[in-house]
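Can you keep this structure in mind? I'll have questions shortly.
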């Protein structure tokens, strides 16, 4: 019911850290600090389902490449989320593998990007939001646990949506005059896609997972994935390609494909459905790529649903598509590899 | 947890078709083709909860009476949905009674009506949507199964909503210029209802289940119901009458009553709550008619909820009302005929 | 899974009333009438989780102080809801402690406030809505029961939202010309909060639970709480203070704080999370106050979500925040006082 763990060493160090938590001795002494740091880095990497401190460190660099504030917000957010979960007595395995950090990482980043990273109000709100998203994570784990479904980035999507939709209602939080609420508009602009836009879009699909439009941020993130798990990196690349192909076939504007906004959900869906929550087999590769295409088709609908309230799609298309395809897989023995659960 | 089956012969032929699936021999040989055709026709009829191939054939004619493309989209959609479910290894009883076909039928029709039946893009998108709605159906069956609730047309409502809300975001899919997003407006126009409008509305309530406004399409659909199950036809007529009465009492514009847009949900609610998912008894007739009235009252709220994003109500009012009344019935022994499940 | 019961005598009289229901004798004879009246008064008090007839009577006076129609709608609504539940054979303990009345109370009030108390159409619609909200309550109890979560005012929020969003679609129901649908606007107006506004806001937070903006109505409601349960009254006061502090810190307009629209959800969240659904301990006080602050932050987002459809936030922020914090608490042994349920 959580993300896959394939780093036994990391697991061990997490256990050790947990052990000193229980003893209650030497608060933040060096070994404990080291354990906490590893949990935080793994928390960063769990955005792409990897409990890998190395990938987390590379992700951190990638964010800093987009702007040092973003690197800082992401890291601090993961730390606050992980610390809150420990303080509240959350499950130690979840904390150890970074599962209590990645929603907070994205939540803090969302504050920085949408409310302005350099306002003190943004920093304080991000701190509070990272505490709250930990409670929301626990709630979502309980609610989806009934169906044996993972919580994915749903907690982050909930908190980020509430925050961006509600922010213009608070004068000390919102510094941009008018809010963003508007009726959705139909797509305009050329759909002709050149090789340069294709390449930019391929990498930007990775960067947009963290709200960043720069292709080189995406390339760094892909490097992190490659270092941690080559199979996962391959699946993610397939997901990005399917996302671009679907968006092009349906007629999304080329500019939206090039900046990664049409395809980032496909990367996450492909990862989740092939190797993380379903076994990596030929049937699941096909199923995952159908899912990746579906997420791309779902994205503008989500954007249009939130537009009149001033909200954003975030990773809602990924969350909704993945939960549907995971729940559906239970009825399809050819996909799930086990007899139907109905 | 599925729709009621009261056609043992049909069940038998479904079993036979399933048997040859398992053997894997003679792909699409004549007997198997005949079995598949029966499943598809039953799938059409399951839109009104009937596992009857005869009713399905009449429904097909009714759609063709509104336009041959609609008959074709409906039939092809049901076939694609049923075939996808078989390919993925879905439960054979569900496939045999047509339960894997009706959501795909409505999804394909929705594409034809909202995106233009004669565009190649619409046909291809309908094909993809019918594959995806089969996965969504499996997911909804799993999710609602926790409460012992049926999936109804919820899968279709989800896919159709995503499609109509998202379509203007894709230039190769949307051929109508501006999207449909607009703030909801208050009702205008006379509420005085003449006998001609009354009669038209009564039949159009049936036609609008399939998005059609013509009274004679509705009359043909009612004929299909009558041929398959006279009691169900009677309950459906009561539902249509209650829908019209409620809409008139609340002050819906007469033109909306006459074209069936205010009452089609009532027909489906009455069918579902009296004889299909609850036993047909005096107490459930009353309960079903309260539900039919409630669905009529819920409809404009659903339309207003979707309007700013450019979406439609589809059969959301039916789905929401029926699920609430079915879940509620578990607490009321006088309605459900069994001790409370709380 | 229901609200706390701390009135054993009341429980007894409820049982007696239930007994005569079963016997079917002496419909509305004096002892039975007295039992029913106590159930109705307890139903009023359950809006703030108190199964206390005394508090219910004071609440009734408080509503009448705002306008006799409101007192009448509230009382009649509770009576209709309670009677419907008895008629449908709902659980007798729930009826006896008033748990079948409070959603109907708020639903009827909502009709009076939003549709105009003096229209005959409003009275008839309130009657129908109170019948339907009883079915919705039963459904929500079933649905949330899977997670062991209480239904709170979710049934009322659902019915009230449908009603206010859908009302402009019906000409005999809506008497105010244009509907209320509009894109959300950013906050304007001073955030400087004087002591008079502070005091007004503190009491108005109680009054707005019932849609009333008058501080003296809130003071009367607080009196009712004090008479029934002094600890609960203290927690509610803390909730109101946290709500005001959070709203001020985030920069809500002072006028919104003074009329209670920013803080009423905090009162309910504090009550629910400290002493009603979680044990009253130091850890839960802290948890409840974080929840009370979160509800205040969530409120403008809910308002913005409903604005384009013409809806209102009602007690949605309270419901959503409380359900999340209750579900989350199951994973935090330090808060729930028991081992994690995951």
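Letters A, B and C name the chains as they come in the text, with residue numbers starting at 1 for each one.
Keep in mind that, in the parts below, a contact is a pair of C-beta atoms (placed from the backbone, for glycine too) under 8 Å apart; a residue touches a chain by one contact, two chains touch by 3 or more.
What you are looking at is a predicted structure, and each value in this text was computed from that prediction instead of being measured.
Novice: Shared interface numbers for subunit A and subunit B above half of all numbers used, same, or below, different?
Specialist: Interface between subunit A and subunit B is built from largely different residues.
Novice: Since subunit A and subunit C share one sequence, what rotation angle in degrees maps the C-alpha trace of one onto the other, as a multiple of 5?
Specialist: Subunit A sits rotated relative to subunit C by 120 degrees.
Novice: How many angstrom between the C-alpha centroids of subunit B and subunit A?
Specialist: 36
Novice: Multi-chain contacts in subunit C: which residues touch at least two other chains?
Specialist: 146, 183, 308
Novice: Touching subunit B in the complex: which residues of subunit A?
Specialist: It comes out as residues 146-147, 183-187, 191, 249-253, 290, 293-294, 297-305, 307-308, 323-335, 340-342.
Novice: If we count contacts the way the header does, which residues on subunit A are in touch with subunit C in the complex?
Specialist: By the definition above, subunit A touches subunit C via 1, 87-91, 125, 128, 131-132, 135-143, 145-146, 161-163, 165-166, 168-174, 177-179, 181-183, 308-311.
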